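Shared between the two complexes below is chain A, which pairs with chain B and chain C, respectively.
Then we have the complex of A and B:
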C-alpha cells in the first residue's frame, strides 16, 4: 500500500481497459449520430447529443450491473470487473452530458430557474402516461453523482465499508428510477415499440443474470455443520484443496477461504474490505482466545476451523 | 407548487454552495487531518475529492471535528 493516495491507480492493464472503453464509446457515438443523420436528418445536433448520451449511458449501466453476476458465473469475464470503477465514472459523465443538454434544451429558455422548471414544467403527477419523467432522471443522476464522487479509495477508507457499500448499492435504486425515466419518457411519449422491447431485454438480462449468479452461489456454498467439543468445525480433507488454490466455506455466517500454497494452509475472511468484512469484530471477540488463529489441521488429513478468524490464520500441515 | 419547489431547489443549491466552500478547505487541510495518506497527496487527488466533499460535507465536518478533539 502506498504512503499517499494516488489520484488514479493506472497500470498497463487498466490503461488498456480504458483505451478500449473510450474507443467503443467513440464508435457508438459516431455510429449513433450517423444513423440519426441518415434516417432523421431534421433532428438538431443538440437532440442527437441528448439521445446518443442517453442511450449510451443506459447501455453502460446495464453492462456495469451485469459484470458482477457474469464474473460469478464464469471467471472468463473477470477482466471486465478489473476496472469497473472507471467504467462507472465514465458512465456518470456521459449521463451528466445528457442531463446538461436536456436541461438547457428544455428548461433554460424560460424565466423560471431551470432546475425548478424540471419539477414544475409538467405537473401531471397524478397521471401515469403523462408523469414528468425527467424527475426520475434527476434523482437517478444524483445517486450516480454520489457514487462517482466517492469512487476513490479515500472514500472507502474514510466513510467506512458499511456506509460506502450502502451508498454504492443504491445503484439498483438508480437503475429502477432510470427504467421509469426511459419507460415514461421515451416509450410512452414517442410510442417507440422497439425501445420498449430493448428495455425489456435489458431488464431481463440484468435480473436473470443476478438470479442465475445467486442460484449458482447458493449451490456452491459449503456449510460444514459438525462441531467438535472445542468449537472446531471439520471442513474438508487437506487433499481436497489443490495447491495454490482455495476452498470457500461458510461457518456461522462467516465466509472463509482456506488457501493452500508453499506447503502451508491459510484461512482468511473471504469478504472484501468494501463488502464490510468483519475482521475488527472478530479480532476483538477472540482477544482472550487460547488459540489465536482459530484454525488447525488435525492429523494431516482434516482441516478444521473455529471462527471468528484473526486477520489470517496460518495452519501447519 | 412552484413556490415550494423553488424553496427546495434554493435550499439544495445553498447546501451545495456551503459544501463547495467546505470542500475547498477540506481538500486543503481537512483530508490530511482525518487521513494521514492524504497529507502529501497531489493537487489532482485533492481536485478529485472535491465533489464528494461538497456533497457529504456534514459527515466530513463531523469526522474532522471528532478527529481534532481526539488529537
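Then we have the complex of A and C:
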C-alpha cells in the first residue's frame, strides 16, 4: 500500500479560486502601471516592476493574514481558507520577482557578488534611521520561501505537524520584518503620509481581526471544571447536543469535539493535524491511562470525558 | 435554527450560504487593491526627468581628459569674445564600473597613452540638469578610433574653500540610469557604483533650493571612493577646496572622515551652508 501525492487536486472550487486570484492580481498590476504612466510618466520600467510587485505582495500578505481570523469570526469565510496556500505561494512568487529585480538593479554588475552586496553596501547597522532596510526584506523572503516550498501536504506529513506548524507560524515574524522593510525603506525616503496611513490601516486590520477572533474564541470556550473520582469530567447533558452536531469543550488544555449522530456519541480532537494538535503528546501518555478518551453516561444522561483522547473515541450513553 | 450547511473543500461547489461572505471578501479585496494602487502612486515623490538612452548608441568625438575623471572634451561653440565654449562628457564604464579599466585595456591593446588624444567613441548617453555622461556600453569596442591631433586647451579655475551640504551619489544613476537615483533606497547601488570606480559626485543644495554638482576627490586630486562609501546616499556636510575644470566643478576634500552627517530629515528642512566664494547659477 502506498500514498501518492499530486501537486494539486484540482476541482471546480480551486479553479474558480485561482481564476479570481489571478484576476485581482492582473487588476492591481494594470491599475498600478496605468496610474504610474498617468501621474508619474517619467518613471522607469524597472521601477514600475519593483514597486508594483512589492506593493502587491505586501497587500496580498495582509489579505492572507486576515483570512484566518475572519474564518474564526464567521465560518462562512472557510472557502477562502481552504485554498489559502495558493494565495500564499503566489504572493511569494510575486515577492520573489520584486527581490530579483531589486537585486539585479541595485546590486548586480558591481565589484562584489550581488548577494554579498545586499549585506555590505550599507553598513550602518548601528543606526536605526540609516539601518539597511534590504536585510529585513531578505530574511522575510527567506521565511516566505520556506513556507511556500513546504506548503504541500507532503511536507506536513514528512516534517510532522509540530515542525510544520512552527515553520508556518513564522509568517508573523516575516510580516514584522516586512513592516520594518517598508518603514525604513520607501516610507523613510518618500515620507508621504498617505503611504504611512495605508500601512497603519493594514496593521490595524490584521491586529484587530486577530484580537476579535481571540476574544470570540475565549468567550465560546466551554471549560468543564468538576472532576469525578475516577478521572471523568462531566461535560453536559446528552440532550444539550443536537443530533448530527457537536459540542466543543476544553479539558486540560485539550480541545475536544463531542459529536452526536445515529444515537451515538464520538469524541475527537478538535484541532486539525496541521495546526500542531496535541495528538502526539496525548498518545504518548496513553499507556499510563487505563481507558483514555472514553466517555461515560451516568444515570442523569450526562456526558463525561476522560482525556487524553484516543484517535477517535466512541462514547456510550 | 442552526445553519445546516457544511463546507467541504474537495467538493465541486460550496454551500449556497457561503457564497455571500466570500463575494463580499472578493469585492472588498478588489476595491482595496484599486484604492491602494491609486494612493501609492499618487503619494510617491516625483521622479527625475533624467534620461538614459538605453539601446541607442551615439558617436562622440573629442579630446580625452583623465583629470579629474575620464571625460571627453568638446568645443560646442565660441562666446562673444571668441573664446571656445567647452563641454566635458563624463565617461562611465559598463555596469557599476568606472571607465578607467576599459581605457587602460585599450591603451594596452594599442600600445599608446590616450590622455590628451582625440577619440571617436560610441556609447549610451545619460543626461540631466545640464550634465552629460557617456556609458562605454561595448567596453573596449566603444573606442572606435584614436587621432593624434593637438588637444583642446583646458579652463582651470581655483575657487577656494567652501562648506556645502547635500548628498554623495553616483553620477551614472543620478543623471539617468535609475529613478530614483538618490536617497536611502538607492544607497546600495550608489555605493556599488562608487566602489566600482565611478567618480562620486556631490549634489549640493543651496538655501533657495538650487543645485550644483561637484566631482569629489582627495586633496591632491587622488580618488577617495573607498573612504566615501560609509556616507554615500545620506545628507552630509563637506568642507573642501573647489576647482573648476571646464564645465565641471571639483570638490577636493582634505579628509573624507571630517564629513558631518546631517540626519535623515535634512533634505526637507535645512538650508545649505555656503561659506565660500562660489556663486550659484541664477
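One rule holds for everything that comes next: the second predicted complex is superposed on the first by the 299 of 317 C-alpha atoms of A that agree within 3 Å, B and C clash if a C-alpha of one lies under 4 Å from a C-alpha of the other, contacts with A are read in each partner's own complex, and residues count from 1 in each chain.
The rule is short, and it goes like this: contacts are C-beta pairs under 8 Å (C-beta built on N, C-alpha and C of every residue); 3 or more make two chains touch, one makes a residue touch a chain.
This structure is a prediction, so every number in the text was calculated from the model and none was measured.
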For A:75 in the superposed arrangement: first (chain B), second (chain C), both or neither?
second
Is A:198 touching anything from chain B or chain C once the two structures are fitted on A? First, second, both or neither.
second
With the two structures laid over each other on chain A, which partner does A:302 touch: chain B (first), chain C (second), both, or neither?
neither
By residue count, which of the two partners contacts chain A more extensively, chain B or chain C?
C
After superposition on the shared chain, which partner residues are touched by A:7: those of chain B (first), chain C (second), both, or neither?
first
Have a look at where A:123 lands relative to chain B and chain C in the superposition and call it first, second, both or neither.
both
Quick one: classify A:145 as touching chain B (first), chain C (second), both or neither.
first
Once chain A of both complexes is superposed, is A:157 in touch with chain B (first), chain C (second), both, or neither?
first
Between chain B and chain C, whom does A:110 touch in the aligned arrangement: first, second, both, or neither?
second
Chain A positions within both the chain B interface and the chain C interface are 112, 123
The answer for chain A against chain B in the complex is residues 2-8, 112-113, 115-116, 119-120, 123, 145-146, 148-150, 152, 154-155, 157-159
Can you check the complex and tell me which residues of chain A touch chain C?
9, 11-13, 20, 24, 27-28, 31-32, 35-36, 39-40, 42-44, 46-47, 51, 55-56, 59, 63, 70, 74-80, 82-83, 105-112, 117-118, 121-124, 129-130, 132-134, 184-186, 188-195, 198, 242, 245
Note: in the complex, chain C contacts chain A through residues 2, 7, 9-14, 17-18, 20-22, 25-26, 29-30, 32-34, 36-49, 52, 94-97, 178-180, 183-189, 191-193, 195-196, 230, 233-234, 263-264, 268
Residues of chain B that touch chain A when the two form their complex:
1-2, 5-6, 9, 12-13, 31, 34-35, 37-42, 44-45, 47-49, 51-52, 54-56, 59-60, 63
